[in-house]
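Just passing along the structure, written as structure tokens.
Chain lettering (A, B, C and D) follows the sequence in which the chains are written, and residue indices restart at 1 in each chain.
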Amino acid sequence: MIVVMKPGATQKQIDHIVELVEQLGLRSHVIVGTERTVVAALGEKRDGAKQALELGEGVEKVVPILAPYKMASTEVKKDRTVVSARKLTIGGRAVGVIAGPCSVESRSQILEIAHFVREAGASGLRGGAFKPRTSPYSFQGLKEKGLELLAEARAETGLAVVTEVMSPEQVPLVSRYADVLQVGARNMQNYPLLEAVGEAGLPVLLKRGPSATIDEFLLAAEYILKAGNTQVMLCERGIRTFEDHTRFTLPLATVPYLHAHTHLPVVVDPSHGTGKAALVSAMARAAVAAGADGLMIEVHPDPEKALSDGYQALTEPAFKELMASCRRVAAAVDRSL
Amino acid sequence: MIVVMKPGATQKQIDHIVELVEQLGLRSHVIVGTERTVVAALGEKRDGAKQALELGEGVEKVVPILAPYKMASTEVKKDRTVVSARKLTIGGRAVGVIAGPCSVESRSQILEIAHFVREAGASGLRGGAFKPRTSPYSFQGLKEKGLELLAEARAETGLAVVTEVMSPEQVPLVSRYADVLQVGARNMQNYPLLEAVGEAGLPVLLKRGPSATIDEFLLAAEYILKAGNTQVMLCERGIRTFEDHTRFTLPLATVPYLHAHTHLPVVVDPSHGTGKAALVSAMARAAVAAGADGLMIEVHPDPEKALSDGYQALTEPAFKELMASCRRVAAAVDRSL
Amino acid sequence: MIVVMKPGATQKQIDHIVELVEQLGLRSHVIVGTERTVVAALGEKRDGAKQALELGEGVEKVVPILAPYKMASTEVKKDRTVVSARKLTIGGRAVGVIAGPCSVESRSQILEIAHFVREAGASGLRGGAFKPRTSPYSFQGLKEKGLELLAEARAETGLAVVTEVMSPEQVPLVSRYADVLQVGARNMQNYPLLEAVGEAGLPVLLKRGPSATIDEFLLAAEYILKAGNTQVMLCERGIRTFEDHTRFTLPLATVPYLHAHTHLPVVVDPSHGTGKAALVSAMARAAVAAGADGLMIEVHPDPEKALSDGYQALTEPAFKELMASCRRVAAAVDRSL
Amino acid sequence: MIVVMKPGATQKQIDHIVELVEQLGLRSHVIVGTERTVVAALGEKRDGAKQALELGEGVEKVVPILAPYKMASTEVKKDRTVVSARKLTIGGRAVGVIAGPCSVESRSQILEIAHFVREAGASGLRGGAFKPRTSPYSFQGLKEKGLELLAEARAETGLAVVTEVMSPEQVPLVSRYADVLQVGARNMQNYPLLEAVGEAGLPVLLKRGPSATIDEFLLAAEYILKAGNTQVMLCERGIRTFEDHTRFTLPLATVPYLHAHTHLPVVVDPSHGTGKAALVSAMARAAVAAGADGLMIEVHPDPEKALSDGYQALTEPAFKELMASCRRVAAAVDRSL
């Protein structure tokens, strides 16, 4: 850390900071500039050190040097993580596609979609059984019945089932049916849940919270990694901004940035990221061009009748076209799909 | 709802929307304008109706008319809710103050602060026993030991204990010690938790998520109300914006806006809302002037040594001054403190 | 417009709104719902009508139906606008590339870059002569001397010169040298400037302001169109959000959204949109995949020595690679580059 | 500046940075840490230095130490600036109030309001003659006629006229009539305009741009100060965020933050800051409690009939109540109004 003193900081204040740095088990180094003095604090970063120093009298600001995450960092692990579950592989040369409805609604619905998306080239099946909904009056999912239907769809198609788990106590139940546990955007900082999925032994798809910085996102992943689970996929699904023509703003620069800072693979969800079916296909292509390792797409046989989020679901023909066009873009960036 | 058709919408498309409106159990009403046709859909709002209509061919947009929350609304309950727990009353003429450290760190720390803030005029004691922390490497709280210390501080001072609960399974344990269950900003949309505190029988302090709209905030409260718990306080603690000179942006217009739209009382937390001790007192006064029903303030006997969030904690003398100055502002708006 | 009355609105209040609607020259239509009454106001939209109605007693909100822009809208002009200036064509099947340094710094610098980017396939040359800089202490550009150097570079290469104009009185001077007048993001709502470039007779590249909604962006374009200039390109260059790992957040969903709502062509600037040289190439590919009609890229022979914005400029070899990879992506979406 | 090297940076890369630092006329100081090396660059900050260093190979980031503004800083000028124009004083113990309509609409309108607000205690009269409007189809102001009417209102009331100037060439004309030149939020980074008002010899009210950071805001003020004009007021009028229940988000923590970092006085505009008449009075009180040196309030005799922004204007009785309640809050923070 670098402790920047205020312009008129006294020698006594500087000495106090040096002392504090050493009490924190760090090595100090004072640099006297023309206008200000700076104290460098060297050594392993300790929790609380930054804030203790910030409160020192005469201190203007404290600048951290190290990234706050470790196990997720490319500094710690150079080779890229590849996550696998049945047919689904995310992080290799091929771009993996997870597709399906927002919610599992009925046996016929999920079986029809599963067959369709598999034919079109998807290798993962999404579908909510436990649905976090903004309103308590909205459809909350078929719960265990939904999980059973997902398992049946898997048995018929071989697709990996990716489904959301909303609380630590649901983890054992959902783990009996799922191939990948999804942690939703609203739960990105639900730490008991992160620890529970970290111990669950299944791959995890972690969605970025709509107001999470990249450091916060990687620290959430760090909770899972620290609990012993290295099979983590990061999913960019849009952030909340002032823009009102899309449901969220999908910031694709996240993809190359994450590739430079973490070894974990990156999935993009243009369905939530735009909230408008008409924009999904263009943003899926853009995600592939930006280097995404996977796509997560909502598909529904009859979006008008969907029990949730129909406005962002693609029809089956539209999904087929998306796959065809993304395949061409993938080839143009030396990937397959 | 109002369904706005695109300029060139065909009669067939309009007829389809009318049919869809009626299938949804709503009454339709077609208005033909000079450039566009609009279909009004009248009757009780049904979940899914908006999105089904949005997908209709020829539809440009669907505009909801009713607020999505019900039990939290002043339309449903006119008289203001007053929440009480021991000495603490929030929602009456007096502005209630909840003060204390970010985390319970030790017996001597919490007892000292409890006595101090009570002397200074607080009626609630805050203090984290289970701490949600962005980094898994940060101090996570004393857990049950922390709860015991809070209870001891209450026994000595009579202050109401306000402490965070992070998951449904913690609710029974925390409820044995707390007077008010706090749902943190990161958990505002943790629905299993909202339902669990809704059933717990204790007052709840619900913090606004940093990227939650007011409608989402009130819908989160609605989950608690719907589960049978009417003792809910809303807490504005800052939103995430592009501003970088404060930790969050504290939007005080929330206070009069909420007063017009909900009967639930509104608490403001200027400690998290600014993230800088030097700004807390001015924003506490501003909150009182804007009509806040309560304040939540971080206080620490030695912020430099705090195990969490010391940079935003007030020293005891600074808290005493805050109370004195807020008391004068409260009187100027016909409140007491 | 749709005027939504409050739940308990009186008949007198409703009558007043009906009267107001008719005074405004609109046709009224009252719809009585189970909980609320709604008054539709039909006819041409008049400025001030919405706000007058919003203030009516008993009114909850007023919902506009029509988009506020006209001449920029696909409703008014169906065929897509193609903007041309010398070698540069934006809006056709080929993706046009405008490249060059942030600022013109010297004769040798601009001539070297111009030849290089032309060889690599660019058809426009960017380069600031008048530079809007956040700090008054930063390099402000070579001014007229810079324009002369741009003209010399054009004479040697045939590239179209795209350069910024910062105030109405600069328009005549800059027009003597430029092929395309650029209105910078900070000036997107500088209305005297928009009117001046609207009358200038040269194509205009209008950059989106970092906090402008799409409607505001299109209304800014409308100022130029209304002044009689139809050769307008829209440039997405990133918005300001809470994200701190990039300089701005580049929201590529703007591209397909604008294509659906306006006939004007869309250029993407990934240099400003990310503010980091390492992210530019991936985002350029993503922009092409999303359907961008043009790219605007900063290139500098020695970014370390650039007088402005070097951190986001590509070296010449990096630009050459960008062009090669974007050409492949363009082909994958049936465009050329 | 502090140059943080990447973990594996080579000695050659470090040497290159040291050399670069010295070429930039700065003194270098190398600190070897356990994981990384840091190079401090000491001396006067030079434009371009930061970005040159950022591009060095092996560099992770460059952290500036000094604030980028100088003349606006409390480091350079300790005593607070007081701005005066006729009856209006901003920056002293008394809170100055500038009130009036959004636009000057007619002689009777502006004279009536001027008398009314003066009676109620305002000392400045606001009123737009040149109106920047989002839509080219909206009322653009009475222009010179409006200025004449403002001057007439001043002659009758003694109020200081505060009115907007939109471009450098308008400065001479507007200066003939105005007492304070207002630079609007959309023009905060219109540098030719900032320089022109900096040379104009009249006090300036500079509004914060809706996506400007505080550093950018103070650098805009720096343009005016650098041109020789020290009579600058800063006006917080709300920022653009994801919030949709208010027109902008009014971040009052700006007030105490600016007081700590600049000697310039701070005015708050709760009319634009909320965009809703019903919220203005509470936020005006909050602004005074937070320490604002001035208030800027929109008042209209008949907001329903206003030609612009009527939805945020107070009626005359509402303004009178606002003044009475703010006067009480001002007294509670040892100010008058």
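Note that in this section a residue touches a chain if its C-beta (ideal position, glycine included) is under 8 Å from a C-beta of that chain, and two chains touch if they have at least 3 such contacts.
Since we're looking at a predicted model, the values are computed, not measured.
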{"item": "Chain located farthest away, centre of chain C as origin (C-alpha)", "value": "B"}
{"item": "Duplicate of the A-C contact set - from A-B, B-C or B-D, the pair where over half of the pairs recur", "value": "B-D"}
{"item": "Intercentroid distance (Cα basis), chain D paired with chain B, Å", "value": "31"}
{"item": "For chain C paired with chain D, centre-to-centre distance based on mean C-alpha positions, whole Å", "value": "25"}
{"item": "Distance between chain centroids, defined by C-alpha means - chain A, chain D (Å)", "value": "38"}
{"item": "Set of chain C residues in contact with two or more other chains", "value": "211, 239-242, 244"}
{"item": "For the chain D and chain C complex, residues of the former touching the latter", "value": "20, 47-48, 51-52, 54-56, 68-70, 132-139, 166-170, 186-187, 189-193, 209-211, 216, 219, 222-223, 226, 239-240, 277, 303-311"}
{"item": "Touching residues (chain side chain A, partner chain C) in the complex", "value": "211, 213-215, 239, 241-246, 249-253, 255-257, 260, 273-274, 278-279, 282-283, 285-291, 325, 328-329, 331-333"}
{"item": "In the complex, chain A residues that touch chain D", "value": "2, 4, 7, 29, 31, 33-36, 38, 40, 42-44, 63, 65-66, 75, 240-242, 244"}
